[in-house]
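Each structure below is given as structure tokens.
You will see chain A twice below: alongside chain B first, and alongside chain C after that.
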Partner chain A sequence: MSDFLQLLVGAVTLGAIYALIALGFNLIFAASRLMNFAQGDLAMLGAMVGVTLAGTLHLPFSLVVLAAVVVVGLLFLAFNLGVLRPLAKRNATLTSMVMATLALSMFLQGAAELIWGRLEQAVPSPVGSTPLLVGGIVIVPHYLVVVGTSAVAFLAMFFFFRRTLTGKALLATGFEPEAARLVGINPVSMVALTCFLGGGFAALGGLIIGPITFAAPWMGLSLAVKGFAASMLGGLGSLPGALLGGLIVGLLETFGAGYVSSAYSDAIIFLALMLILFVRPAGLLGSPLVTGEHF
Partner chain B sequence: MKVPSIFSALLLASAAGFAALTPAAAGDYVVGVIVPQSGQTAFIGDSALKAMILRAEQINAEGGINGHKIKLDAQDEKCNPTSAVNIAQEFVNGSGVAGVLGPFCSADSIAVKPIFARAKVVDLTVASTADAITKDSKWTFQIAAPDGVYAQTLANYAADHGKKIAILNDTSAFGLGAYATVDKVLKQRNANVVAHEQITAGQADLTPQVLKLKQAGADFVVALVLGGDAAKLCLTSRDLGFKAQLAGQTAWSFPNVLSLSKGACDGAIFTDPFDPDKPEAKSMLDAYQKRWNDRPQSYFAAAGWDALSLWAEAAKKAGTAGSDEIDQEKLLDALDNTKGYKGVMGVGDATINFSATDHIALDVDGTHLRRIQGDKLISLGDEKSK
Partner chain C sequence: MLEVRQLVSGYGPVEAVHGIDLKVAEGKAVAVIGANGAGKTTFLRTISGLMPLWSGSVTFEGRDVTRLSAHELARVGISHVPEGRKVFKPLDVETNLELGSYSRRDRTGASTRQDLERIYELFPRLRERRRQVTGTLSGGEQQMVAVGRALMGRPRLLLLDEPSLGLAPQIFHEIFAVLRRIMAEGVGMLIVEQNVRLALENTESAYVFQTGKVALHGPSRDLLTNETVKKAYLGGSI
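And then the complex of A and B:
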């Protein structure tokens, strides 16, 4: 039983990270139908900002969080304004815009390697490293930071979509851009907003997983793959779907390694993904809007 | 990548003071060195290059190679295959080199292998440990012990000292290859293996694997993981109160692992081809300390020293007085006939022997285990003969 709970602690922590990556992914998808393949590398960049600001310059963690979110959010906003929008104006297909995000992913990896080097580096945690012992279960204090940050981020987003006009406008843009334009919503600025938020949430995820996994230029790929799986599982473009999907992926990875086979824990995630998509093609909480109706 | 980084510019500026690195005069033997000098992997090259400079100064003071002085031409490989390939092309197509030492990083050594094979230039790789370094090319030598040798040393030590042995490996080429070797040796030795777990290199959370090792009651873990994963294993084991002896490969003692693990790797042991207490090592370290006011703990200085010494011995046989070029076929032949060379690398009475079919300097007898203790690396000494 205690082993089960111990695994659960790790699973929920990982799940919280994957949920944050999926949240950024889904925000961008909800407003623009764009799949951002650079999501993992934006998270890596968040962790690297942590290496420099918290590790080298010893700035307070709250400031580091703010800086990582704003810097990476603005970076992806700039990518939207400088690359994606000009592409859209030239009538580029969504596919070529997705390829542009793939190019961004490779560019960010290469740039990070030049700036920070190829080896893993420590990202300092805002809390101590002495593990807490709760009824025989070991809890690393930073795990609480991860779960807490993720919870706050999701609550803020639920509030944003349910209670603010901008949030509702954003949703409307995703459902029907033309109709949204007719009632005075500017879809271009709505997409720009999700790009900033999507980049920012990715950076937040990378920054808070940094103290657990260390930061390295190549860390983005596995975060993107798991975050993408979480997004698909929960339902592309769905806010609660990101949370549910993230937690499921975290649980599958950890319990798969703990109870089935450590060699196949990643295979288990994607097997489950295929099964769920077979039964529910739009994901567990996804809207039928995003099914492959054109095929 | 022709643009030198700020680091290498600084290093070049400081290198101007090195006697053996000054521009070559006519009649000098230029030895090309492909070595990481910038970024996080600079620590790998730093002490090795200093040992080479010191050794070159010694040889030059003793009359050089058949009257020719050695000049080192050190270029920054950055632990990046693209940089290493550019340097190798430069050495091969430029004004010519009498020998090549390096690269230090395995991927770089594998990348430059075909260039030296095509140009028929002898290459003595210094710190590359991949098993494939000397494969398929008669022009490449390996001074560091290969991963397979480390794995064998680890497995033998585990069989001697572990009552309940567990193996943990990552699923990279390194981890799977080393696991095959360890598994074979432990089966031959009839060792009691209680668990085998795998991780994906860079995996976020090692809790499931460490819990399973703990459940199995393992008291000795042969850990075939590197870098951040090694540090994560130490930290997770400490957090979960798993107190088995952790044993890894030589890279566990590198500064990045020690700083990431924040002391959690204390007490872990690692395979090493270097024994600082050996007479040859002691005299090298004393000379190094006198020249550079520092005493390196890792094996890199020894590897650099031995690489240049082996090259010099062979060059004496291959070179002719009056010519400032060395026939590489003759150099290869002389190196292939190296027998019973007692190096700074290797432990105990191990000697370095090459042949036309064996270009690997060290085998299992040439490596032993050392322990991480804070920022010190301790020889196991008596513990080993238990």
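And then the complex of A and C:
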């Protein structure tokens, strides 16, 4: 039983990070129907900002969080303005824009290798490393930082989409781009907003996973794959779907590794993904109303 | 209030509208009728900025709005109810209506509530369905949402593209009764309509489009008795 609870703690922590990456992924998709394959590498950059600012420069963690979110958010916003927008103006298809994000992913990985080297580096945690013992279960203090950060991010986004007109306008832009323009919504600024937020949430995920897994330029791929799986499982473009999907992927990975074999944990995730999509093609919480028209 | 001069536009490389002149006066309804492919929808979509204008000019309330994009036109007081309604299906009715006020820079919580109240008074059915997901509504109710959403922007000019399409005549008359009340407040209306009789019976003047040009233009009641219109569009010879 305590083994189970111990694994559960790890699973929820990992799930909280995948949920954050899926959140950024879903935000961008919700407004523009674009799948951003650079999401994992934006997360990697967040971790690398942590390496430099928290590890080398010893800046306070709140400042590091702010810097990672703003820098990576602005970077992806710049990519939107400098690459995606010009492509859209030349009537590029969504598919070629997705390929552009894949190119960005490779570029970022290469650039990170040049700046930070190929080796794994530590990202310091803002809290101590003395484990807490709760009823026989070991909890690393940083796990609480991870779960807390993710919870705050999701609560903020729930408020944004349920309570603000800008949040609703963002959803409307994805559902009916033309009708959105006709009520005065500028889709260009909506997409720009999601690019900033999507990049920022990815950076946040990378920054807080850093103290658990170390940071390295090649860490992005695994994060992107898990975040993408979380997004598909929960429902592409859905906010609660990102949370649920992230947690399920975290559970599958941790329990797969704990009870079966760590060699098979990724296979288990994708087997589950296929089975769920077979029964619910739009994901667990995805609305067929949303996805049906676009595929 | 709306003056279109020598408007030329099209889709892709194909010119579909070849130099249209048209005027809409305050509080008046103007119909654009014509066969399929006559350029009616292209014309309307060009005015509201959804399609690029090739040449010509559009003036609204004395202001040159030729180069404004769709979301900017919504902000100067032109609301377009698009063909096929294009409601935000996964969102509930009230959210759809609220989004209609997005174009208003001066909106406040109080002004939005007041405008919502007005829409619910005009379309009592929408009040009953306010928390319902819009995609589950009937076609007529969705059209009411689309019109209500457009009115939430407090427009001074309303563009309607095929408002009767797929609706039972009774529902359409219900919606048109509301539009007449809006017109009485000075709002102008430009209606593109396939149902020629319906269009001519409910407007003051009309333009007949033929292959991207104005073939005929005059008071709607005169066009109703015009032999050419009767033969071509009102099934007079059948």
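Convention: the second predicted complex is superposed on the first by the 288 of 295 C-alpha atoms of A that agree within 3 Å, B and C clash if a C-alpha of one lies under 4 Å from a C-alpha of the other, contacts with A are read in each partner's own complex, and residues count from 1 in each chain.
In this section, a contact is a pair of C-beta atoms (placed from the backbone, for glycine too) under 8 Å apart; a residue touches a chain by one contact, two chains touch by 3 or more.
Worth saying up front: this structure is predicted, and the values here are computed from it rather than measured.
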item	value
Chain C versus chain B, contacts on chain A by residue	B
Partner chain(s) touched by A:175 [first = chain B, second = chain C, both, neither]	second
Contacts of A:279 with chain B and chain C, given as first, second, both or neither	neither
First (chain B), second (chain C), both or neither touched by A:266	first
Touched partner set for A:183, first chain B, second chain C, both or neither	second
First, second, both or neither for A:254, with chain B first and chain C second	first
Contact residues common to both interfaces of chain A (with chain B and with chain C)	none
Contact footprint of chain B on chain A as seen in their complex	3, 6-7, 9-10, 13-14, 17, 117-122, 129, 131, 138, 140, 209, 212-214, 216, 218-219, 222, 254-255, 257-258, 262-263, 265-266
Complex interface listing, chain A residues touching chain C	165, 168-169, 171-172, 175-176, 178-187, 287, 289-290
Chain A contact footprint on chain C (complex, rising order)	48-50, 69-71, 74-75, 79-80, 82, 86-91, 95, 98-104, 133, 135, 149-150, 152-153
List of chain B residues in touch with chain A within their complex	39-41, 79-80, 171, 197-200, 202-205, 207-209, 211-212, 215, 227-228, 231-232, 239-241, 256, 259-260, 262
